[in-house]
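Two complexes are shown next, each including chain A; its partner changes from chain B in the first to chain C in the second.
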Partner chain A sequence: MLCVFLALIRRDMAVVLRNGQLSSTLSFFIMVVVFFPLAIDPASLDLAAISPAIIWIGLFLAAQLPLERLLHDDYQDGSLALWSLTRAPLEVIATAKYAVAWLTASLPMIFAALASGMLVYQWPMDAILNNMLTILVGSLLLTLISLLTRCLTLGSRGGKGLIYLMSMPLSLPTLIFGAASLRTHTPTDLNTSIDTETTTALILLSLLLLATLIPMLWASTLALRNAISHQ
Partner chain B sequence: MTMPHTPARKKTASPAASLWHWFTPTYFRAVSGRVTPIALVLLLVTLPTGLAYAFFLSPPDYLQGETVRIMYIHVPSAWLALALYGAIAVASGITLTLKLPMAGHFATAASPVGACFTAIALISGSLWGKPTWGTYWVWDARLTSMLVLFFFYLAHSAMTQAFKQQERGQQAASILAIVGALNLPIIKWSVEWWHTLHQPESISFINPSSHIDISMLIPLGLMTVALFSYATIVITARMKLAILQQKWQSLLYQKTRNRS
Partner chain C sequence: MKKKTTPLYTHRYAVRNLTCVRGDTTLFHDISFDSVGHTCLHITGSNGSGKSSLLKILAGLSSAHSGTLCWCDTQEAPCAHHVLYVGHELALNSALTPYDNIVFWAQARQCPSTPDVIRSALTAFDVAHLEAVPCALLSAGQKKRTSLAKLLIDEDAPLWLLDEPYANLDSQGQKTLQGIIENAQKKGAIIILARHENAPERALPCDQTVTL
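Entry: the complex of A and B
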């Protein structure tokens, strides 16, 4: 089973690297992050204070992109239906898609987010580990939600609006805890309480991931099975 | 695939079979023929009396004055919105596990109705908020969770319509409804991270010492009955329509197949 999982990952990675999806998702994210300060007068506002919102909205929007090609193409040409006939369980296929989507889209975005946070929004250097963990856990959650919504809408007539309509409410807790656990200012002696607050939010975010990982993968598999059986 | 309009299964004495019989379209039509007149009579009795009571006979609040009358629309709609989501979640569970067609029809029929009542609760709430809180909207936990519920309703009803095959849409929507139902407590809890401005409930079904006067409780009860019977009528009618559409489609399919 592990063999199938790894083979699927290798195959999908090759597909993604060949059709240039890697750079398109990354450049989309960077464009969102860089566009926000241009729309606001950077001198009048504390950019660091609104940077969590910008980073998370960018991550949320970009997380919807990779699975569109990954799942939709294989659904259309019948590969998914063929794989479902093999002895490999559909759970493994769904998990492989999840892994590839995260590896190719979210992993590069973590570094892009950290770099833009440091360079554009002047995040403190000593908060780098905290912020990296936050974005790591958050992007795992966002990709998970994207997997479910993509599996649910396979072969639908509804447009992209449906995807965002579904994933917006589901991503709300991730957005709240993720934004709360980003450390954007250098803590002074006076506001050490901010530090404990960000740590609490990070713990809650991690708990959210642990609690929803298996149920969401299972629900995605169920959705995938439904989609294949009605193809 | 089982065609819903096929006659009910062979009569057996086992209770499980009779329970199955309960959920067939044939039986549903018989029951709905009896339920709809009852709900209609209830609506025609409770809506005028409830509105008259709410707008003229009940006293104004000692703090909020006349604006408290918005409550008689706002609170029943909010209750109905939540109750319908719970019912949709239960029906979705039945759709996924037992594959009873009527459960899917119910969820499809109920979600636009629920979306409407959520919208009514949100709009009436913000109109009520302006004179009492001084603002139409605050990012308070309960308001935000109602807004999220509204988005869930929109996504659910869009999902039921998004596929060529009705059954596929219903199954996908039921997965979404269950995930949403499990997520709503998390969402509620996460938005409560902010300081909440909304007043706590005045009526509690658990707490016996609920502090609302009987002169306000009567119109509230009447309006709740009125809105629930209205929802029953509309959902039943929409379910009947769904059955007829499916029947018509399968007839059309048979006809084209015979011709070719």
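Entry: the complex of A and C
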């Protein structure tokens, strides 16, 4: 089972690298994050205050990209059906797709988000660990939601519109808690409670991931099985 | 990379009263047959008669509207790894080379995946010289040959399901495939293939025909 999991990960990594998907997702994210401050007059607004919104919108949009090709291409050319004829259950295939999507798209984005936060939005240096954890957990959640919506719309004509319609309500808790747990200012005497607020939001975000990981992977597997059987 | 060596001759596939419904149309109705090791069964029918759907049901990829499948002594479709299925969709990623496509598939099937094994399979179908070319650049026939090379990787699979295996294949390729199928039959595999009434696949060994 582990053997199949690793083979699938190696294969999808090779596909992603040869397709150039790695750089396209990353550059899309950087574009979103960098264009905002360029379009807004920096003198009139506190850039750090709106940075969580920009970072999370960028993460949300970019998290939708990798699985489109990873799942859709494999479904179209019959690879998914063939991969399901191995000793590994379909759960393993769904998990491998999830892992590859996160590794190739979200992992590089975490560093891009931190770098842009520090350089463009002047996040405090001492918040780096907190913000990294927040983006890590948040991106795991966003990729999970993307996996489920892609699996559900696999093989349906006109499913593209449905993807965003479905992922919007599913992503709301992640966006709200994620934005709340990014630490963008150094706490001053006036707002000493900011630390506890962000920590609480981070804990809630992590609990959300722990609670939804298994059910969402399971639901994605069911959707995959359904899609394959109707091919 | 361990492989179970079950004696192949014991395999038996009994199909009873299979009915397939897609949307509002009934593709086929009450199909029954028995197939045992060492035999080759042809499923014939016109376009859209449900040949591919039947193969997918036999592979356990999709479920029938009604009817039962009994693989050997079980009351269900065969285990996934017993099935060697080559469908219309060739399952080749266009960004990967033929070599990579086959090697990753072999690893997933837990078949021997050393470079020698993969190369000899590609050589048998005369696509070894293309092993470093992305599949997107191959012709339809070359893609088909690459996809069929999978048959040589997992030769010991007890159930072969081939969907119009001669499609896009030239006479040389057809000859190679015929040899491979006859060899698998000798080893005891059940071979079920779908073809049109007058397709060149008629030349393949045929012990039984099911018409849809």
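What we mean here is this: the second predicted complex is superposed on the first by the 228 of 231 C-alpha atoms of A that agree within 3 Å, B and C clash if a C-alpha of one lies under 4 Å from a C-alpha of the other, contacts with A are read in each partner's own complex, and residues count from 1 in each chain.
Rule of thumb we're sticking to: contacts are C-beta pairs under 8 Å (C-beta built on N, C-alpha and C of every residue); 3 or more make two chains touch, one makes a residue touch a chain.
Because the structure is predicted, anything quoted here is derived from the model rather than measured.
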Which of chain B and chain C A:Ala180 touches, first, second, both or neither: first
First, second, both or neither for A:Leu208, with chain B first and chain C second: first
Contacts of A:Met168 with chain B and chain C, given as first, second, both or neither: first
Touching partner for A:Gln76 - first (chain B), second (chain C), both, neither: second
Which superposed partner A:Gln122 touches (first chain B, second chain C, both, neither): neither
First, second, both or neither for A:His230, with chain B first and chain C second: both
Which superposed partner A:Ala88 touches (first chain B, second chain C, both, neither): second
Intersection of the chain A residues that touch chain B with those that touch chain C: 230
Footprint of chain C on chain A - complex, ascending: 3-4, 6-8, 10-11, 14-15, 18-19, 73-74, 76-79, 81-88, 228-231
Touching residues (chain side chain A, partner chain B) in the complex: 148, 152-153, 155-158, 162, 165-166, 168-170, 172-173, 176-177, 180, 208, 215-216, 219, 222-223, 226-227, 230
List of chain B residues in touch with chain A within their complex: 96, 148, 151-152, 154-155, 158-159, 161-165, 167-169, 171-172, 175-176, 178-180, 182-183, 186-187, 190-191, 193
Residues of chain C that touch chain A when the two form their complex: 56, 59-63, 79-81, 83, 85, 87-96, 100, 104-105, 107-110, 134
